[in-house]
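Down below are the structures I want you to see.
Note that chain A is present in both complexes that follow, paired respectively with chain B and with chain C.
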Partner chain A sequence: MDKILRIDVGADGGPKATTDPVGDYAGLGGRALTSAIVSKEVPMACHPLGEENKLVIAPGLLSGSIAAMSGRISVGAKSPLTGGIKEANSGGQPSQVLARLGYAAIVLQGKPKDDSLYKVFINKNGVEITKDNSLKMLGNYDVVEKMKEEYGQKIACISIGQAGEMKLAASSVAFTDMELRPSRHAGRGGLGAVMGSKGIKVIVLDDAGMAMRQPKDVERFKEANKRWIAGLQGHGVTGQALPAYGTNVLTNIINEAGAYPTYNFKEGRFAGAAKISGEVLAEMETKRGGLATHGCHSGCVIRCSGIYNDKDGHFLSKQPEYETVWAHGGDCGIDDLDTIAMLDFLDDNYGLDTIEMGVTIGVAMEAGLLKFGDGKGAINLIKEVGQGTPLGRIIGSGAVVTGKVFGIERVPVVKGQAMPAYDPRAVHGIGVTYATSPMGADHTAGYAIASNILGVGEKVDPLKPEGQVDLSRALQIATAFIDSSGMCVFVAFALLDQPETNQALIDLVNAFYGWNWTADDTVEFGKRVLKMERDFNVGAGFTKEHDRLPLFMKTQQLSPHNLTFQVKDEELDGVFNW
Partner chain B sequence: MDKILRIDVGADGGPKATTDPVGDYAGLGGRALTSAIVSKEVPMACHPLGEENKLVIAPGLLSGSIAAMSGRISVGAKSPLTGGIKEANSGGQPSQVLARLGYAAIVLQGKPKDDSLYKVFINKNGVEITKDNSLKMLGNYDVVEKMKEEYGQKIACISIGQAGEMKLAASSVAFTDMELRPSRHAGRGGLGAVMGSKGIKVIVLDDAGMAMRQPKDVERFKEANKRWIAGLQGHGVTGQALPAYGTNVLTNIINEAGAYPTYNFKEGRFAGAAKISGEVLAEMETKRGGLATHGCHSGCVIRCSGIYNDKDGHFLSKQPEYETVWAHGGDCGIDDLDTIAMLDFLDDNYGLDTIEMGVTIGVAMEAGLLKFGDGKGAINLIKEVGQGTPLGRIIGSGAVVTGKVFGIERVPVVKGQAMPAYDPRAVHGIGVTYATSPMGADHTAGYAIASNILGVGEKVDPLKPEGQVDLSRALQIATAFIDSSGMCVFVAFALLDQPETNQALIDLVNAFYGWNWTADDTVEFGKRVLKMERDFNVGAGFTKEHDRLPLFMKTQQLSPHNLTFQVKDEELDGVFNW
Partner chain C sequence: MANQNPQHDIDASVLNINLTVQLSAVKAFFLLLQNGFSIKCLTGISIEQLLYNQLGLTPQLVEKKISTVFLDGKPVDDIAMAIVQDGSSLALSGAMPGLVGATLRRKSPLASFRQSISVESGLGKSEPIQGHVMVKLFNVLLKELGPFFLRTGIFVSAPAFVDLVSGKADDFLDKCIQVVVNGVSVTLQSQGEWHSLLASHDSVHLKVKVG
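On to the complex of A and B.
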């Protein structure tokens, strides 16, 4: 990981690759690296689909090593959805493979001369870029099938579906899992559209002949990794709940807490929640010959993923995540797992963010386009996105555009990005994160649910404003470091509860790079990342007025707690006063 | 004009009218009054279609008097298009009539309990509000026909078409002219959607039995009005060019100057311009039995309006304004006046801003939805808006949404509002106004074309950045006063060139209100209005980064001068340093 691959898609004669030493960006990885490159090289006022924007794909600091959980990859750019800086990260295999190939980042830059599509193949011998218009308007699953035929089974793929090609603002970048399913996504912020605007359909990675990345201090690294794995496996969330039920273990928990946004954020509890819970999902998966426990990348010890088969035992989709089950489920009043899994598959195949899509369909339901609970209607709507009809393009542009086009007032977004599966009126800590994260409404940017609901780390009452700003601040800082390390964000549960596991992570980084970081250093690192991101957003026109939840959350109470969001604006403005 | 009519559309049992004294708002009119009410009463962070927004309709300070040109009316709200404060003003009869009925403003506020439509009738006896769902999805022309049947021929109407009912962000508020055509529009910023969100379809005004508003000093007022009229009639623009050819006199002039945005702001000169010029238009109108010279409200002495008949001599539309001829013409590569007049009629009937619609179709053409020059396609597209198809709703939501949905980078907007008919790269002064006006891209907010191109007032070279900031600043301040006076903005040509005509306007205000204002006082008044508006926008999340032209104007040269926009960001930031 000592070099950066840049592909100038506007070069004469087609995209041209150059490889440079990592230079000033040394010591950065994942989110820290994508945000550093975007901050430094992308004009803040540029059009997200224009020549000046860059798409940066970067493995984490520890990716490609033997460290458990280190397979997370970051994608960064100026976001077509929010208009601000964006880092979206994903699991899957490409992070490990790209890191082992020695690349700290791939940067797609420039503006294509025409509308041809290209594929990029990277292996130990270098980089090959080929025009391939036969890939046009293929879904991610079909693209990967073609790549397997051409390059064999031992590859990892980064691709976009039809949505990214159409430059829709809710489009994702897909990453293949260990079995070459394009089912892991850098979903948020429309980064698939930026890849589409560069005319690159797929990046194929093959690390045959490359070795595992070697730490500076091999023995210390191995030893730290043992403590690291033991810590993760010893924690209730990462060692038991997530492996058994996946992220969808949250459905019953959040619904019980009265924080489950239902019918486009109108109510806080969904009558059909039990039918789509993680417990039911796992049982159904096992019964149908799928998998309830599965890892999305090599080296994963949490294994929260799974395989969802249809009633005849055929693959339908990967196990839908909690956020997807909620977005296409409760938020739309849909309580049928087969429908939700089909929507999940369509989103993955077209290359769409499931959160943005679910929330957008909820808004469309409020507009009367279809009824709450209409699963078939929801499937048809997502199919329209894949087909690029005018209605499909509206939906594929996300909740804000859909709300605007249909004149709907209740549009649950911050900085133009749809809110995930926790209503801030009943979980105040996550509301602070939604409001203030430079990413827009993003639960992963500072997952206050851990403390507010799950009782991980300190317990902060979710129904009260007190303590939420401090909680969100600490989590956002910690997350900025985790998102840079290459570690899956779920490690945070163990980090928050177990100081020795936190130390194990720091020891891993130190042993790998020969550093002497303390916990304070990781905090300073996280702050630096957040500051870069916020500075970019200021230049892109963001102010404290954008660090706010939509007004309806202050004026409309949410049942069953009948609360509005209580954290004051002045408090929100203090999140980044450290 | 000593009272304000407020209609609470959310009252139990349907909209309820109350009339209060003007109170703290005394001494304000037109834009100053709409902006004051919006600033003070509308939460800056509210949703433009929500309960908290208010639609304010206010005649100018001199409206309803015998003063020539005093028939301008202002509409204000938080804009669904820009997200900032908005004042859009219009000619037509309602300003004079509403002023004579004694109302300084009508304020529509609250949120309807259901989706019923209401009509409001105001005469000397008071206010009558009636539910009338037979008006649903009628165009403005049909609505006015129904009102004539019900209330007779001596009325004036303020209405919305289908676009406002659908709450589309490019929808206008229509005002009838002297012959009861709903052909004058407060077009910009989607204020029709705010009226639609309040469930009010039409406001019918009847001033039978009401007298002309009387000045404090009748003789002084009459004498000043004579000087005022003489000044207007003695100036080349207001006394000759505008009466003869209407605003479309500009087509040849701006095209010759190389500042005529063509093919979605790709080029600065249109080969078909001569065919759609004001000279050709006037000749065609006269030949077909229309009118080349016509006033839109009583008391107008400039008479820049007209009547456009089809080839069989039947009314097709009012004479399309220069901005409309350009937006639907050159910007879309259309050089046929019948097509443009049909588009003008459809926009007026559906209640759409012709500038936003033309620019949006240009963006759609760039996206390949239809070809540049395809007049039939453009007509069909506007008809889709009226029908509310998904594609129509995209187009009716304006250029930004259309650009986003179709992934187009060149979207000529500032603060979300489409640019009018002058390319900033060839007329730098208007670029400063577009960039910095609190209204978004709006030529009327500080019409630098006067000095840059027409040589009115001081001459400032349009192709250079020098002097443009001072020019735009002075014009924006002067315009904020004119927009509050009730005077048509076209009086500015005479004001800029003839100090004695400027004095006549001040004398009119002083004689009417018993004030002793100097020219400096009108400047201070204009600054106060601008400051209110800018303060609102800060609270709505605007920063200096929003006071910018889109980046492509700094990077892509415009032919034939092959210039980019040269005014530096730091200079733009100085526009409001007075």
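On to the complex of A and C.
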């Protein structure tokens, strides 16, 4: 990973590829690299769909190596949804393959001369860019089928569906999984629209003839990897709950806590929650011949994913994640897993963020466009997005636009991005992170924390209410480091409880790069990433008023606890005082 | 669950059903166990006393597996200090993923995140009395504790039991080896027969064993 591939889509005669050494960006990967390139090279005030914006795709620091869980990939740009900097990350195979091909990043830049669509093929011999208008308005699944016919089965693809081509603000970038299905998405922030604005429909990667990336200190690396895997497999969450039930195992307990946003954030509990829980989902998958435990990329040892078959045993979608089941389920009053899986497939195929789509349909339901619980109506709405009807384009532009068009006050967003599946009125601490993350309302922004970060990087008393601001800061710092490492964010639970597993991760990075980092250094690294991102947003016009939850969270109580969000604005303003 | 009082069964609105089922039918009860069932037990005591003394669970299981506990929808940090009242709802879960999943755990280092909904320890302590507690089992605890509760007996509403029989259709009925209703062995072959049996009752005291 010592080179960066740049594709100037506006070059004379069509898109042109050049390869540069990583230079100043050496030692960065994943989110750290996408945010570094965006904050250094993209004018903060630019239009997200204009010539000056750049789409950066970067494997994590450890991707392409034998380190378990290291196959996450980051996509960054100025976001068409939030207007600020964005990093969205995804699983799937492309991170491993791109890293083995030696690229630290792919950067799409410039403005196409016309509306032609291009495909990019990258293998050990170099880069080939071809005009292919036959791909126009194809869904991700059809695009990948065509690529398989053309380039064979041993490829990995990064693509956009119809939504990205239409430059809709809720569009995603798709990544293929181990079965070559475009089922993994960098979903948040509308980055598919940026790829669409560059006229690139698909990037096909083939690492035949390339070796696994080798660490500087092979023995130390192998030994750390063993400790790393043992730590993950020995932990109750990463070794049991996630493999058995997937992330949707959260439905029952978030509902029990009264923090499960229901009927467009009107209530905190959903009567149909048990019917769409991870427990029921896993049983149904197994019964129908799908899979309840499955990895999204090679090297994943947690395997939180699965395969969801329809009643007749045919593939319908990958196992919908908790966020998807909630967004299309409880938030819209839908308690039928087949409907939710169909919506998940349609989102993946059209290339849409499932959270943004579910929340947007919830807003449309509140507006009376369809009734809460109307599964068929929800499917038809998503189909309208894929077809690009005027209504579909409104929905595909996300919750804010839809709320404005239909005159709805309760629109659950921060910085223009829909809130995920945890209501901050019940769990105030998550509201601190939603409000202050440079990414907009983002549940993964505060996923990870290690006990030694609590001890080393931050002085926090977790049992004091005011601790939540300090905790949110520590979480965001730790997550920025994990997002840069290429590790799946779900490793966080083992890091939280097992300092030795956290140490194993630091040892992996050290052995790979020949560094001598301590936990303190990972804190500094995370801070650097957050600072770049915050600075970009300031330049893009964000003020502290953007670090706020929507007003209804302060005025409308959430049942069953009947609480409003009570963290004061001044406290929110202190999150980034370090 | 030694202290669960069978005298409750005398209530005419409660139908006693003892099922002997094939092992593969046990999973069919999991949705019911997630939605919640009642047990009769001593109340006005701590969750810890309920789990250890009333239910006879081992410290190994409680400490290792029951990582997330809700009392009346509020996350609990200290099970020795949170008091179960007559009519309380107690939900038991393993350790959960996600920031919020981690936040909701007992004694979570992230406990301040959900401080506004946490159980205040020791509130409502009173004289122990016999009462009912609604129990919900989630995720890894379905397999771990589900068969135990089914064996020792649970109370569920008649409509919830109708849902169970209706939802699982005939293959569930096929897996019932023996059905004993109010002490009498009966043969119920269709969902309709179940429905008419349950129609005049409010709730069911259900015991399930694997045959």
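The rule is short, and it goes like this: the second predicted complex is superposed on the first by the 559 of 578 C-alpha atoms of A that agree within 3 Å, B and C clash if a C-alpha of one lies under 4 Å from a C-alpha of the other, contacts with A are read in each partner's own complex, and residues count from 1 in each chain.
As a working rule, a residue touches a chain if its C-beta (ideal position, glycine included) is under 8 Å from a C-beta of that chain, and two chains touch if they have at least 3 such contacts.
Since we're looking at a predicted model, the values are computed, not measured.
> Is A:F493 touching anything from chain B or chain C once the two structures are fitted on A? First, second, both or neither.
second
> Does chain B (first) or chain C (second) touch A:G239, or do both, or does neither?
A:G239 sits against neither chain B nor chain C.
> Is A:L551 contacted by the first partner chain B, the second partner chain C, both or neither?
The first partner, chain B, only.
> More chain A residues touched by chain B or by chain C?
More residues of chain A are touched by C.
> Between chain B (first) and chain C (second), which, if any, makes contact with A:G351: first, second, both or neither?
The answer is neither, since A:G351 touches no partner chain.
> Looking at A:P43, would you say it contacts chain B, chain C, both, or neither? Reply first, second, both or neither.
first
> Could you look at A:K404 and tell me whether it touches chain B, chain C, both or neither (first, second, both, neither)?
first
> May I ask you to decide whether A:I253 touches chain B, chain C, both, or neither, giving the answer as first, second, both or neither?
Second partner only, chain C.
> Just to be sure I read the superposition right, which of the two partners does A:E279 touch: chain B = first, chain C = second, or both, or neither?
The answer is second: A:E279 touches chain C but not chain B.
> Can you list the residues on chain B that touch chain A in the complex?
43-47, 49-52, 80, 166-169, 193, 196-197, 389-391, 393-394, 397, 401, 404-409, 411, 538-543, 545-546, 548, 550-552, 555
> Spell out the residues on chain C that touch chain A in their complex, using ranges where they run on.
Within the complex, chain C touches chain A at residues 27, 30-31, 34-35, 64-65, 67-68, 70, 73-75, 91, 93-104, 108-117, 136, 138-140, 142.
> How about chain A: which of its residues touch chain C in the complex?
Where chain A meets chain C, its residues are 235-238, 240-242, 244-245, 247, 249-250, 252-254, 256-259, 269, 274-275, 277-280, 283, 304, 322, 422, 426-430, 433, 443, 446-447, 449, 451, 454, 462-468, 471, 475, 490, 492-493, 496, 560-561, 563, 566.
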